[in-house]
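Reviewing the structure listed below.
Letters A, B, C and D mark the chains in the order given here, with residues in each chain numbered from 1 onward.
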């Protein structure tokens, strides 16, 4: 079982050597020469520099297509027509599974056809030099966004290729993204990734790391998401990461979202070492979207409005085509501009929302309890603690597909639309906190004249795509809104 | 006697929310649901169908690789001597495709029915009942039992 | 000069008889038979009933095309695909000028072609029976929306035709809409319209009247808009109108907009007689829109969010194509659905904004001062008072094209984006209020390191279409945002 | 000597904000602006151009009836013996038309230049300077005077 200790240079070296042979592009990686490439990049392409010095929330979309030229065109479009401040490269699903052979086939097939046969950019297959072509061709810094439990080779290739930010983490890219990876292994794999980032950082090339805050994207209670961010931040800091962007996915309740982002920032400062620069990223609604672009624009706009009030360092935008499939570049750019309009119209307004402090205190108390449980479970070691805590269910994520988590905790919205916990299962929370959740959900149940049940959870899962925030029952036994609103 | 259906997300897809909702809806409608979860291989679908003597296999896919992941599934089912009803549903194509083309593709691959992501669980259940020739009374019976 | 007295039945009758001959369809109007038609309508088509009994903000678009069948199709589409709760019929510009001959030509030309040769529905030319066809064909109540200074014949025809709500008023459809109409005449003309509505009302057919709150749509200070609403409300009430919907156009500052809507409602109750049912309507941003649908969706969404907090009785929506020209039906419906999504996601949230009460008090004090000035100018008669007040500039509207107003008052945004008065000209405000405005604008001038000037006003006029709320200068002497943001 | 331009909104259109901004921009650029305001008839444009010996007539229209309102304007100008530069700008068509078609229509009607609603005042001023053959120095001169 891994412990939260820094990998030695030797270990780093040895693992890197082993990985080199997993796919032929691994052999292109040369650390010294990579440092030189990074040093040749202007400040405007240095991820941490741009992000940490920004005076307004920066916008970043998601985007990845299989072929290099198309990926360049896509990102350039998002930069020029969407006004993206930071660029992404979303990796395909085969690469996420380390199935480079299949990715190679998909890439070849995509090259020969109009259709994209991969749902992202297979960076390992492209190799170091093609990654650099991408970096050179664009004016903004670029991040690798993926969902890969074992992202070691991906990190080696992309960091050598000039990317300066790397999303994910041992929990956030395991629990929501896979079924059979155990946490001990993903922690070890990410210790390597973080150590590699640390190695660059020590040589003056700061690599930004961004744990994936939204987790399953579906009604995740803020305290759970934040606890995972803190644990991943701590693990990364141990390996020498010095630029950390902690994430949080919009739940749609303005007060709760602002409170959660403030709590995330405050707790980040509290739990992470001083030498780490902590920034925050807000993800526009990550759950099911309305099957209607007009309504989707409303969801996106509420995200923009929330960002204008909470002022995170970065916002990951959605497109109005989120429901349907990978968006066209036009729709992707439209999501950026809609968000930008909201932020720029609202950010100078003095918006003082009542109830934020109270909600923030509740989130912080709850997160403290979860962090406490992790540390206790690990006898003071956060790596062991998080494995034990997920194993026992003391820490858990709703709708987790992974065998490594109980996935037994269930969220539901209260009468105000804030996400509360309906089923705690073994979540390590003190009774007084549980009572607050229960009381709020009790209120809602009374308002609706029905019992709390999985039906309520299911209604809440569908609510936003059905056009509401809260999945209230309607006369006909179906939640309000409903398919008839779509077009 | 409740009818058994196999449910799962194929390939390396991890989108679990849809099948969680589906499982619950199918169970309350009286079906016996074997939920294989996410990232289920074709083999797992086939052997589950066999060992549970299932009447239908419900394949879910959201992440855009459904076509690749489902290729050969029907051949495997045939090879195992299984003549079950097969449904596929979710976001079946990469990008903003026209659903009718997608439906055609999956029908040709052998699926009895193809559902898009706007499908309400009740809609799938109604089709399942009619395809399995459950009479309304039988269906209601099941509901009472379930 | 008119005074605020109720027209006698004789006067009403006489004027109506004269008007009948202005265009042949006037002769189709038969009051008794019209009452019978209205009585045949189900409650779901009764405008006041639907509006006044609603438990959430109702949505209404703007829409008018020349031909009857197309207008029916358009409204049906907005009802079915946009989810419009209340329907409009926007009248063309020739009818607004009482140029029925030209409207007839435009209608004939439109019938023969794919193109629409009129910018609205020429209801007078269509006549009573065609209006009724429209009313019968739809499921929701329909309002006449126009901008006609002399709307007497239009009112006769459309009310007989089954419309149950009529927008406008002697000031709000004069000052922003025309150059040469004097207020004395428009007041007389609207006394007739209001008396006609009163006559229907007395027979049990409540006609809803809606003074046009946004005025010139361009940075109108809330107090000015509200004062005009109150004056028009009083004039209408005198003539027997019992269902009044007072309007207000979004300025884009959340706190100021919510405060203004609350002030509008409170002052409406204060100034209007008890027997009048007062409701409020919020217009999504009425000034220049961004030349980009994605950004326009952001503007619309901020309107929806504001409505969710302020909870007006009705919201008039915009479409993402507002900048370009009369929108397609799809875009119009999209504006409705985007707005609905925002409202439905936010309306159950407890959003308690700091500073609203203070802003509301300022708006109410300022409005009181303006109303005071009107009453004084008229020796206690609001009709005479408003004519005198506009003549002297004691009451004024920014950017008023009308010779009947000074149009000398100039607005600008303060550092928080709230609309303040930069140039008071002769506006009848006490010094302490003027000082508040001056102080806020002084702050902004200091922030920007420039003097208050028309340039600042011009920058604010362009700001929202350029993607910001406040027209801050940028290095290059142009306001921030700028044409390059458009696409 | 400042050059005189006539500015106004034609027909029964009351959209005043655009010409208010234009007036201010033209004046600060050193032009002598005769602003006729909104709802200006063709006759008013023609007689103002004549009496002020104007070098350009700038017609604005926003409400969608520009084509009808401008028909015959150039014939009237000709009849009055005026050979002035004519610009038209704003929202010139009803609905979501393609601007190139609209531009063509108004060019054929005789306008020297046709501007859409995205036009920045500075853009129109630059064109005006070049069409009136104001040298840069002359233009700058004007700016200093203005």
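FYI, contacts are C-beta pairs under 8 Å (C-beta built on N, C-alpha and C of every residue); 3 or more make two chains touch, one makes a residue touch a chain.
Listed by chain with UniProt protein names: A, C = Glutamate mutase epsilon subunit; B, D = Glutamate mutase sigma subunit.
These numbers were taken from a predicted model, which means no experiment stands behind them.
Participant: If each hop has to land on a touching chain, what is the smallest number of hops from chain A to chain D?
Facilitator: Step count on the best path from chain A to chain D: 2.
Participant: Which integer distance in Å separates the CA centroid of chain A from that of chain B?
Facilitator: The mean C-alpha positions of chain A and chain B differ by 30 Å.
Participant: How many angstrom lie between the centres of chain B and chain D, each centre taken as the mean Cα position?
Facilitator: The answer is 66 Å.
Participant: Take the average of all CA coordinates in chain B, do the same for chain C, and state the distance between these two points in whole angstrom.
Facilitator: 54
Participant: Where does chain B touch two or more other chains at once, residue-wise?
Facilitator: In chain B, nothing touches at least two other chains.
Participant: Does the chain-touch network form a line, ring, star, complete graph or other?
Facilitator: line
Participant: Got a list of which chains touch which?
Facilitator: Chain-chain contacts present: A-B, A-C, C-D.
Participant: Quick one: in the complex, what on chain A touches chain C?
Facilitator: 81, 83, 252-255, 290, 292-295, 297-299, 301-302, 304-305, 333-342, 344-346, 348-355, 415-417, 464, 467-470, 481, 485, 487
Participant: Help me check something: in the complex, which residues belonging to chain B touch chain A?
Facilitator: Touching chain A: residues 9, 11-17, 20-21, 24-25, 37-39, 63-65, 68, 91, 93-97, 117-118, 120 of chain B.
Participant: Touching chain B in the complex: which residues of chain A?
Facilitator: It comes out as residues 93-94, 96-97, 99, 106, 115-119, 176-180, 216, 218, 287-288, 291, 321, 323-328, 331, 399-401, 454, 458, 461-462, 483, 486.
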